[in-house]
Amino acid sequence: MSFDATAWSASSSDVNRAAAPPATSAKGWRRLSSGPAAAKTLRAGAWLAALAVLVAAPLLVTDYVLTAILVPVLALALAGIGQNLVTGYAGQLSVGSAAFMSVGAFAAYDVHLRVPGVPLLASFAFGGLVAGLVGLLFGLPSLRIRGFSLVVSTLAAQFFFVWLFTTVGWFSNDSASGVISAPRLEVAGVDLASPAGRYWLSLGVVAPLAWTAHNLVRGRIGRSWMAVRDMEAAAAVVGVNTGRAKLSAFAVGSFYCGVAGTLWAFAYLGTLEPHGLDLDRSFQILFIVILGGLGSPAGPFMGAALVLLFPVLLDRVGGAVAGGSVDPGVLQNAEKIVFGTLVVILLVKQPAGMARLVEVAWVRLSRRRARAA
Amino acid sequence: MGFFLEVLVGGLLAGVMYTMVALGFVLIYKASGVFNIAQGAMVLFAALTFVTLLEHGVAFVAALVASLAVMLALAVAIERLVLRHLVNAPPMALFLATLGISFILEGTAQLAYGTQVHGLELGVSDAPIAGLPIAISRFDVFAAVVAGALVAALGVFFRTTRAGVGLRAIADDPLAAVAVGLDVPRLWTIAWGGAGVVALVAGLLWGARVGVQFSLSLVVLKALPVLVIGGFSSIGGVIASGAIVGASEKLAEVYVGSHVGGGIETWFPYAMAIGFLLLRPTGLFGRPVVARV
Amino acid sequence: MTAARAFLEVRDVSLSFDGVRALDHVSLEVARGEVCAIIGPNGAGKSSLLNVVSGLYAPARGTLLFEGRPVHEARDLSRLGIARTFQNLALFRGMTVLENVALGDDFRARATLLEHALRTPRARREERRARLEARHVLALLGIADRAGDVVGRLPYGVQKRVELARALAARPKLLLLDEPMAGMTFDEKRDMCRFVMDARETLGTTLVLIEHDLGVVMDLSDHVVVLDHGRKIADGAPDAVRRDAAVVEAYVGRFAA
């Protein structure tokens, strides 16, 4: 099953045209502002600025924004990164991201509960590793099953783990219907329970992991994944170990989901019930990746922001229009309709997602500036 | 032994219900190679439309006809607004589009018709048939008969009618189908319309059984293992696998579930599907996909 | 044929598809360093032969030896030193030209997944080298400026070159080309010939190619094998084959005298 984001959208050719270097004179100034070296320093500068803003965020926004928007966006974006690796880069359909999130959360909870003195970050790592192993297990059928039939594997994982954590009391320390509560958030003696603390914890976990994901997709590993996605038979001929590529995608993707689940439970909700990470959540993560752009590095962040912010926006707008607050059921259904429509529109018009839309707009903008200069 | 038979037969008949829904999947897959995850939402939408009309005093037959019309209109809309623009898109993109469609349908259905459970009476009771050694529900048999009729009708459709043959041609090679002059948009509309009809029938039967409510679209997701085990493009396969999934799910629930706390029917069919596929990756009757290099 | 063990040896290979004989007791030997062309009318079994040699089809009978070792499956090819191109292009359309070509050599890389994730010196070094090598090959084939383009949108002629570049990036001992000139203009063909022969010179690669353009075949090859209806009907130097009565008959006089 290949996801060829190029073949059928006419608008995607815009990027190719827009990305061609402007045919200007060799004036030194123009070269400086539009050459590849300049682009690189510009990009590095932009990253540093963005990082500075991100770290300083608690000084710039309210506690509500920190805990209700930024932390969950970071957590879901990380899950989106994991989903992106499996589905966007390696082309394997997975609808079990939420299940792997819950595996991570419960594993982290259990290791923290039962092994004395485990540092918080170590339990995050443990959660990720267990989720990675489980993901590997549920990815094994991909070695033999092709195409859409593979969806039953991750679907099985999704339903199985909701059942497991709800029914088998051991995982939740015998709490009713499997609800767990997060441990104290403390890293190296520093208490992180405050909104700023939760935010920095999330940022500190997500940013490095996003960096590792970026490294993976840009090198040999990412290439082997994309080869399996685009044409598996040819990949084998060229020397790609297709089995290893698929399994590594599942393992790494699920690892990220596991850490994301731990963040979701520990830093965002403070508690977790198994039904909170159900099939709907898996679909939500899939949407995050589709809307943000399958196979794009910034996509998950944009998608997560959209998916989490939109209900808030809808609530405000609906409230303003209806003169009061809107019924949550109505809101939920309106959300469903809008997201469904967005997904369809994006798939038809710009299958490479919002990230590409932004890129096209940016390139068009800079081209217009170059022409005007 | 009697109890076992009862559970078995009950399971087989429940499987018939799954087959009904799976038929909708097969129809669309045979026609366009698309895995339509919106089938569940279509079942919900069809059932809700029908029930709401009934509750507003519309006569049974009129409501049926109106619901049919709505489903056909839906098929036309889907073809014109979505499918037409995704003609050359890879299967993954089409699948994701149907996911989007399913969300739109669910949201619209609940927004338009409300979220409460609606009861549905089809005039056939759930009482056991008198005079048999084991208890078999009258309704289950009725559902089985309806499903059988539907399957037979579909089989005839695909084999004898021009549209049916055309749909099979498209599934095989869309470009060649266009090249020989087949009206692909019209055929797709027919396929989706047919799936809509199947969804309506399935929705009515399921709705009569469990009530028309949102969880219908989830329950219907169970048709997936049925589809996958039977082989995506085989109607016969779907019948056989429906029976297998229904029976084993019931048996597992009764004999195994009681030991592990119950509720295993949420994931058991999927686990079974995995196991099955590992043995036979193309399903019972599916055609192996030849990768052309 | 030399007395020493042949470089590539096809021994009595037969292959059928649903009762149709694609290959019928075909045997041939390719010597190291030579250019061997496989020709024949459509449906003769040329692509099937190449697919058997590259492990994509398992023959019903017969053996395949490369440097004395059997070729079992496609995934063994890189390790054995064999690379190939395809009649209908088997490029990774969602990746850029550079990524496609770099893939050709990836099978040699040592750095693990973890190293790549953490960007260790070894991973960085290997990646840098992979990209440099890929650019080098692209420059050789005259498409260095296309490195960042996504393959799916490129014109056919460029895609053909990318596929050749990917095969060359593997630095193979044996290069199998399935109709490398198909669909090309005269100029493009001339360029492709040059690239292919350059590769042979610089890498010392042995070439086996399927080709319809008999002018190209006669110019380039040292050794010609003719297939018809799955059977080998001629095997030898170009001049000898050209005059062979059976060959002429198979082509019904399409040879220039």
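Order of writing sets the chain letters: A, B and C. Residues in each chain are counted from 1.
We adopt the following convention: a contact is a pair of C-beta atoms (placed from the backbone, for glycine too) under 8 Å apart; a residue touches a chain by one contact, two chains touch by 3 or more.
Note that the coordinates shown come from a computational prediction; the quantities given were computed from them, not determined experimentally.
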Chain whose Cα mean lies nearest the overall Cα mean: A
Relative to chain C, chain with the most remote C-alpha centre: B
Gap in Å, rounded to a whole number, between the CA centres of chain C and chain B: 47
Chain A and chain C, separation of their C-alpha mean positions in angstrom: 41
Distance between chain centroids, defined by C-alpha means - chain A, chain B (Å): 32
Where chain C touches two or more other chains at once, by residue number: 56, 86, 90
Chain A residues counted as touching two or more neighbouring chains: 2-4, 7, 231, 233-234, 237
Chain B: positions in contact with at least two other chains: 293
Parts of chain B lying in touch with chain A, wherever the complex brings them together: 35, 81-82, 85-93, 95-97, 99-108, 110-111, 115, 218, 221, 224-225, 228, 232, 260-264, 266-267, 270-271, 273-274, 277-278, 281, 283, 289, 291, 293
Residue ranges of chain C in contact with chain A within the complex: 54, 56, 73-75, 77-79, 83-84, 86, 90-95, 99, 102-104, 106-107, 109, 111, 113, 116-119, 123, 126-127, 130, 149-150, 152-153, 166, 170
Chain C-touching residues of chain A, taken from the complex the two chains share: 2-7, 13, 16, 212-213, 215-216, 218-221, 223-224, 226-227, 229-231, 233-242, 248, 252, 295
For the chain A and chain B complex, residues of the former touching the latter: 1-4, 7-8, 87, 91, 93, 141, 144-149, 151-153, 155-156, 159-160, 162-163, 166-168, 231-234, 237, 279, 283, 286, 290, 329-330, 332-337, 339-344, 347-348, 351
